[in-house]
Amino acid sequence: MTLAIALPILIPLFSGALSVTGWRSRRVQRALAVIGTGLLLLASILLLHAVWQDGFVVMEMGSWPAPFGIVLVADLLAAIMVLLAAITGFATAIYSLSTISERHERFGYYPLLHLLLAGVNGAFLTGDIFNLYVWFEVMLVASFALLILGGERAQMEGAIKYVTLNLVSSAIFLSAIGLLYGLVGTLNMADIAAKLATVDDTGLVNVVAMLFFVAFGIKAAAFPFFFWLPASYHTPQVAVSALFAGLLTKVGVYALFRVFTLIFNISDSLTHAMLVWMAGLTMLTGVLGAAAQFEFRRILSFHIISQIGYMIMGLALAPLSPLALTGGIFYIVHHIIVKANLFLISGLVYCLRGSYELKHLGGLYRDKPWLGILFLVSAFSLAGMPPLSGFFAKFIVIRAGIEANAWWLVATALVVGLLTLYSMTKIWAEVFWKAAPTEDNATRPASGDLRALYATIAALALMTLCIGLGAQPVFELAQRSAEQLLDPSRYIEAVLGERL
Amino acid sequence: METLMAFVIGVLYATATYMMLRRSIVKLVIGLVLLSNAANLLLFTTAGMMRGAPPLVPEGALQPEGPVADPLAQALILTAIVIGFGVLAFAVVLIRRAYDVVRADDINRMKGTDT
Amino acid sequence: MNALTWNIILALIWVGITGDFNLANLLIGLLLGYAILGFALRDQPQFARYVGKLPKLVWFTGFFLRELFTSNLRVAYDVLTPTHHMRPAVIAVPLIAQTDVEITVLANLISLTPGTLGLDVSSDRKVLYLHVMYLDDEQDVRDSIRRLEQRVLDLLR
Amino acid sequence: MITDLIAGLFMIAGTFLMFLAGLGLLRMPDLLMRMHATTKAGAMGIGLVMIGVALHFLEAGVTARVLIIVLFVMLTAPVAAHTIGRAGYFVGVPLWEGMLKDELKGRYDAETHTLASPPEHQNKEP
Amino acid sequence: MNQQSLILRTTGRFLLPLLLLFSLFLLLRGHNEPGGGFIGGLVAAAAVSLHLFVMGTNAARRVLRLTPRDLIGWGLTTGVLSAVPSTLLGEAFFTALWFEITLPLLGELKLGTPLFFDLGVYMVVVGSVLTIVLNLAEES
Amino acid sequence: MPATVIWASYALLSLALIMAFIRLVLGPTLPDRVVALELMASLTVGFIGIYALTTDQPAFLDVGMVLALTAFLAAVGFARYLERGAHRDDH
Amino acid sequence: MLLTVLSGFFVAALAPLVHRHIPPRHSGLLFALFPACLFFYFAQQLPAISAGAMLLESQPWVAGLDIRLSFMLDGLSLLFALLITGIGTFILIYTGRYLGDHPALGRLYALLLCFMASMLGLVLSDNLIGLFVFWELTSITSYLLIGFNHEDAKTRAAALQGFFITAGGGLALMTGLILLGLAGGSFELSQLLSEREALQAHPLFLPMLLLILVGAFTKSAQYPFHFWLPNAMAAPTPVSAYLHSATMVKAGVYLLARLQPALGGNDAWLWLLGLTGAITMLMGVYLASRTTGIKQMLAYSTVMALGTLTMLIGIGTEQALIAAMAFLLAHALYKGALFMIAGVIDFSTGAKDFLQTGGLARQLPITAAAAVGTALSLAGLAPMFGFIAKETMLESVMGAPALAVVFSVAAFLSATLGITIALVVGIWPWFIRRDMPELPTAFRSPGPALLAGPVVLALLGLGFGLLPALPEQALSAAASAAAGHAVVAELALWHGVNTALVMSIAALLLGTLLFCNWGRWRSMTDAGERFARRLGPERLYAMGMEALVRFSAWQTRVLQNGYLRYYLMTTLGTMVVLVMAALSMNLSGIRIAMDFSGVAFYEYVIAAVLAASSIAAVLTNERLGAVAALGALGFTVALTYVMFSAPDLAITQVLVETLTVILLVLVLFRLPGFLKLSSRPLRLLDALTAVIVGGTFTVLILAVTATRYFPSISQYFVEHAVSDGFGRNIVNVILVDFRGLDTLGEIAVLSLAAIGIFAMLKLRSGGQE
């Protein structure tokens, strides 16, 4: 079933194209949103199944042999990421049906959504470094457009930083590709890796690796490149926030995972030190940023950063402990679901109360106990409380850190976990426990039918719970995918086959 | 020629950086244009530069007669130029709208969303 | 049917007959078609005028190239020598040309000739404003413009 | 060989004209005069260089392209000049003080963007 | 609101078809000579932009007949669809399919999905650039 | 083609390019810069012609073709800007 | 056992639903059936366990991480399980009456049952991580239970404080447990306990121990983490009785006792636990003696008890462990009862402070009787079980292998003050008659549901005191487990006259004296209180939290300051530093060649104009001038492409350049001119940055062009474009065929940009479309 590998790109591209063509009909757009993302979900399950069976699924686009044409390669990590993108995409689409206003729908919301997913999936699946750049751009421009959809002042101000810093990242990325191409003369990542393996002194490659590191670091919102994220993530439509929060930075993380396991030497002392510092400082600055916030989505935004730190910690410690990489991957899986859900919950709270400011919120536990429970499940999961998904994610990373004797990182990760708990309980206390501040706020009627929102949130919360209670299969998946990453020769062989 | 281009491209990166560090949003956009040109030229240079041999096959032939300039790099740059244009267009309109809502060209006044 | 259309159809047929589809052959087709039209249909006024255009065009081109050459020399001299000899002015020249095309062709040709530059046409299309570089003798300039206008109208009407 | 020599001549002439255009652009005292230098010398220069090219190759395909280039340049250069000159005049770029006369002065209406003809021509039928 | 000069207007009227023709020329020969969907599309977009400057946005929209946004949709659809047919024959996505047709005047012609794809590119480029330029011009 | 002719052509064009650029920098008004830009476009076409000739590669003429046809659009754009009475920061 | 734990969660989940359909006065009884059944189940295991058997069962959970749902029932866990289920039964009965009219009672049941299941899981877990999971679950449920009256800000703060401290300790504990598991080669307690030598010889033994202790100490409110416990009294009284005296706070003690065989028996253990325990004991009893809040006093006395238990486990002798188990049981009985009594006083009179009470014996005779009984036990007076526990304790501290004097003095002081507070509890509210204002609320009769717990527990205290053989079996089994080998507890009310008894009598006298001067004692110690308020652990905690918020606000202001300039500066600066560092570390593999050969003069000119136009764009102070400079840049770049054989690129560049100019012109139309916004030094700094960034790229390009490891793969495209791609323009064949996917993405980018721009221009905030 190798066809399944291109479908996660082509389905959203096609849905997006049709959605543009059917611009004038809201019904067509809404139907396409559900059908398109639903099909995407099916395709990504198919893909994961195929990859689980065969280890790698590879397709040479246009039947041009690798390394000349563009190949799509799905290893377990890629397939997992695609599945997560599909889940988030589907959830967001359903959620959007009842939260996105007609105004926004009429200005391209759904086409943008589809094309964003296409870009994200393209980035996950491509085996070609320049093609990765292209998909990054697709994703980026789609996110630009989604970010400003609505034209509020805050959106514009946030977008200026988002756009500028991400464009700088793209330029650095492109420059790095240019330098790498100059050195190796090829773009296929497997081919690059295979060729570099035969070079004696790859000193210059280590230098170029720094540029890739910075470019992806910006995309991943790692320290000290994260500025664009807190400036903008709380400004768009909440469904968009959720999608961004879940997916976008993780594409940067994915790219870091990919190139630093396949192409560049992660054991290089500078690279290792850099990743370690980056991981620690990302965790810490992110969580401290959140501690200073008193707006629902801003708190969540800063936490994205700190959680990215855990994932990078997984990568940074990979040479010392294979378990670390497993932890990083587990963390990604957990985080995408939980963070997206928390944003969706903030949106539902907004629907109920009309504000994201903690000081204007309150009384929701009394009024909506089930919402409270759904929030608690996600929030405690984010904070790494057992038996939810976040606990195992944190546990693996920390256990790996201990195995690797990375004491400072472990200590940081622990403190950050505690501070995450601090933020989550802050939200809980202010939004749910505290009495509603004024009557008029508390009685603001919910707009429209919220059942779809509850269903989406409940489904994602259930997923968090299941990843926690049934952590073994997810762990096994993460472990096998880490094994694949740690043995690049398998990837190279899958792509280049007998040409080696 | 690559050596010469290395310096020229360095100048482009430098000017792009300087422009992006200004407070005026218009200068920011100009910086982005410079940056994208710099990256394209970098790719062009590192792929190796060759005079007078465009990657075209003469009519009736199966291959060019002699060596030709790297067509792959050119295809990549073409893609990058077009992408850069799309992105730039977006950025340009964005600053325009940002100016509309903020009523100032000064980026330092657009910091309401950060803290 | 328009004479030009006929000429093109003939050229295409030529290309079809010879089966050799390229630009050169099409040009040959056009020339042959032109000759045939001039020969076969010379008694019909519509075609006669069409056929008569070519010599006019050739003649006009020659005239214009000469103008171009001489005036270029003058500007070149002025640019190259350290002192400026120009006597610039903006003058209004009344127009005989009426249609958009006539006015435009005239203005463009004027602009292409060194020493004069068509600035704008008044909104009532009565005058053309020119920037002239060497207004040594205003009447002389006006006369040469008028001559050019006449030739243009000859060619176009 | 002969054609090559002629081609060379055309090329030198063309590039020389273009050089003149550059020099004129730099040396002339006001916008309108600079435009004289560039539009024509530029267009002419391209024309000559292109003829040189056509002579050098002596191929129908190349000649056709050369003709098209010359045609396009002849078509667009005066329009560009006109557009800039008009705009420049309209916004009032300073003109050389040695100008003999200016019959256009004051005839643009900034509000309606209309251009009046001089009074002596207004009622005259052409 | 036609305040543009007569000269520009007249030349523009003549240049529009010329540029559009030129753009098609660039599109069609792109597979063999410099040109192609991007370049052709950009020239076409430039042509309509010129028309816009000269004759105003309404006139430019009239020239297009359909909104440029639809052009984007159709172009993207074309692009994606041209990647698919090969899979029906069991090949990978994007595998080119070529077939020769004999036209009465033009003779043997090699057509293939890449050309179809290039057409999609052309449409998207025209549609996108014009969406941008037209809306921006209407704004100012 | 004699090398001196080619050399001279390039030299003349280079000088012209430099002068045009100087005017572009000096201005002083926006229309001056636009004129300089137009000339730079023309010079580019000239360069392309000579280059096509010296390398025996007529393919480069295609670039000249596009340039000849579209470069003036920029001038039209600038003119539109000026005539709309937009904010000007030249002198 | 898995079943018993999971069924707890299951019943908890059902509780709110069931509760809705039953009148509240019966619901408590109904739910109490569940722990009662469990109690009997565990009681049945007692004979086998005390005979030395150990029940093990195991289910895989996350096998790859050695996380299993494995359970072990030995004496220690059994004693705890009995306490949890036994006291839980009475608490549930009590709750039904105490909060009978509360709208959220269903949720309270759910949480209580949830807590009970977690607590059972904790004490039954054999797997370290499984234990930790349940440990954290008790923290979470505790948080939610403390915050039951969540609309009160103080309650929320108290809940957070308790949670934050225990969860923080939990993180340390997790690390410690992971270390323990890794060091011992297994995450199963049943296997680890026999790895004593290996563990204690491990290089990381001390950090491991410290981390585990932090976890245990925070949970069990040891000094200096003790302060959250009295604040947790914001919880409803049944919760305080259950979690914050009888069960959850004992989790830390449980863990210490559990690990004693593996980690104990060394100086570090003795000193750390013994001293911490002793200090906590003294601090607890001292603070208890000077508070007048009923629940506060009980809470502080719980702190005292927890300290005592820690100290005893630290001493670690057989006798000390027996004493610990006896004390644990005695405390659970009397403290559970006392809390319920405090609840009765509150329920019936509304009084929450001793000073509000007095002479209640007439109105609440049964309660008063139960109070006297339990107070006796608290005081450690015969014939209550508390007496036995205290005597054993006093004996064992004197037999400590080290620090015996310190422990003895501490124990004596603690016993003295213990008498005082017992007298306050047992006499003050009931028999002391004073001139008092009206009771806070009208009197309500407690009824049997509220009295069942106190009375039964008080009677048990008496019964075990009179017949110490009754609990002996269970206590021996527990002490054996804590000791790691079989220990037989021989408890008797009368041991003859020994030092311990003498100490007890002295303490009784001194304590009574103090009780008579309770008011003066309180004012005497005010100075200490004032000091604690300024610099005590709670104050430090508050200051720490404040500092956290302030620091994070500061950090955010500094890092996320809103200035794009600074963001860019940081980003690019980091990039340069990293590249430079990498360059300097890899010098051996890097060559740089300066090669200007073959560059024609006009190429220099074009390159110079290219560079100069970018500089012109920077230097001009007109926007349109900058745009014109960009145009010049575009043409020279296009020329470069032409000169180096890229006609398609040149064409594209020219077209894009033209369209860019058009775009800029259309947009700039509305924008104001350039202003010089930055100061001269800033501009210089930026220029320096810019030069460094540019220089970095120059160096990189020079190095790459000089180094080149492999030729490009592009020869393939040159060879196959015509034969397989059917096109002679190789670049175009690559674009539409070889790399069609790139192009597809690229047109997607263009489409997206157009859609985005369309939306941006047409969809205005609030306005029309």
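Per-chain residue numbering starts at 1, and chain names A, B, C, D, E, F and G are given in the order in which the chains are listed.
As a working rule, contacts are C-beta pairs under 8 Å (C-beta built on N, C-alpha and C of every residue); 3 or more make two chains touch, one makes a residue touch a chain.
Chain labels with UniProt names: A = Na+/H+ antiporter subunit D; B = Na+/H+ antiporter subunit C; C = Na+/H+ antiporter subunit E; D = Monovalent cation/H(+) antiporter subunit G; E = Na+/H+ antiporter subunit B; F = Cation:proton antiporter; G = Monovalent cation/H+ antiporter subunit A.
Please read all numbers here as calculations on a predicted model, not as lab measurements.
Novice: Work out which chains are contact partners of both chain A and chain E.
Specialist: Chains touching both chain A and chain E: B, G.
Novice: Which pair wins on C-beta contacts, B-F or A-G?
Specialist: Answer to which pair has more contacts is A-G.
Novice: Measuring between mean CA coordinates, which chain is farthest from chain F?
Specialist: G
Novice: When the centre of a chain is set as the mean of its C-alpha atoms, what distance in Å lies between chain D and chain F?
Specialist: Inter-chain centre distance comes to 12 Å.
Novice: As a quick test, compute the distance in whole Å between the mean CA positions of chain A and chain D.
Specialist: Going by mean C-alpha positions, chain A sits 57 Å from chain D.
Novice: How many angstrom lie between the centres of chain D and chain E, each centre taken as the mean Cα position?
Specialist: Roughly 31 Å separates the two chain centres.
Novice: Calculate how many whole Å lie between the centre of chain E and the centre of chain G, each centre taken as the average of the chain's C-alpha atoms.
Specialist: 62
Novice: Hunt down the residues of chain G that sit against at least two other chains at once, touch-wise.
Specialist: Residue numbers touching two or more other chains: 556, 560, 562, 564, 568, 572, 623, 643, 645, 647-648, 651-652, 655-656, 658-659, 662-663, 666-672, 674, 697, 701, 704-705, 712-714, 717, 728-729, 735, 737-744, 746, 748-758, 760-762, 765.
Novice: Provide the list of chain E residues touching at least two other chains, using ranges where the numbers run on.
Specialist: 3, 5, 7-8, 11, 15, 32-35, 38-39, 43, 46, 49, 69, 72, 76, 79-80, 83, 94, 96, 125, 128, 132, 136, 140, in rising order.
Novice: Quick check on chain D: which residues sit in contact with 2+ other chains?
Specialist: 23, 35, 39, 43, 61, 75-77, 79, 81-83, 85-86, 113-114
Novice: Which two-chain combinations touch?
Specialist: Chain pairs that touch: A-B, A-E, A-G, B-E, B-F, B-G, C-D, C-E, D-E, D-F, E-F, E-G, F-G.
Novice: Going by the contact rule at the top, pick out the chain F residues touching chain B in the complex.
Specialist: 51, 54-57, 59-60
Novice: Which bits of chain E are touching chain F when the two form their complex?
Specialist: That would be residues 3, 8, 15, 18-19, 22, 26, 33-35, 39, 43, 46, 49-50, 53-54, 140 of chain E.
Novice: Which of the residues in chain E come into contact with chain B in the complex?
Specialist: The touching residues are 32-34, 38, 125, 128, 132, 136.
Novice: Which bits of chain G are touching chain A when the two form their complex?
Specialist: 60-65, 67, 107, 129, 132-133, 136-137, 140, 143, 147, 150-151, 153, 156, 159-160, 163-164, 167-168, 171-172, 174-175, 178-179, 182, 548-549, 551-553, 555-556, 559-560, 562, 564, 567-568, 570-572, 574-575, 578-579, 581-583, 585-590, 697, 700-701, 703-705, 707-714, 716-717, 737-742, 744-746, 748-749, 751-753, 755-756, 758-760, 762-765, 769
Novice: State the interface residues of chain F toward chain G in the complex, per the touch definition above.
Specialist: It is residues 10-11, 13-14, 17-18, 21, 24-25, 27, 30, 33-34, 36-37, 40-41, 44, 47-48, 51, 57, 59-60, 62-63, 66-67, 70-71, 73-74, 77-78, 80-81, 84, 86-90 of chain F that touch chain G.
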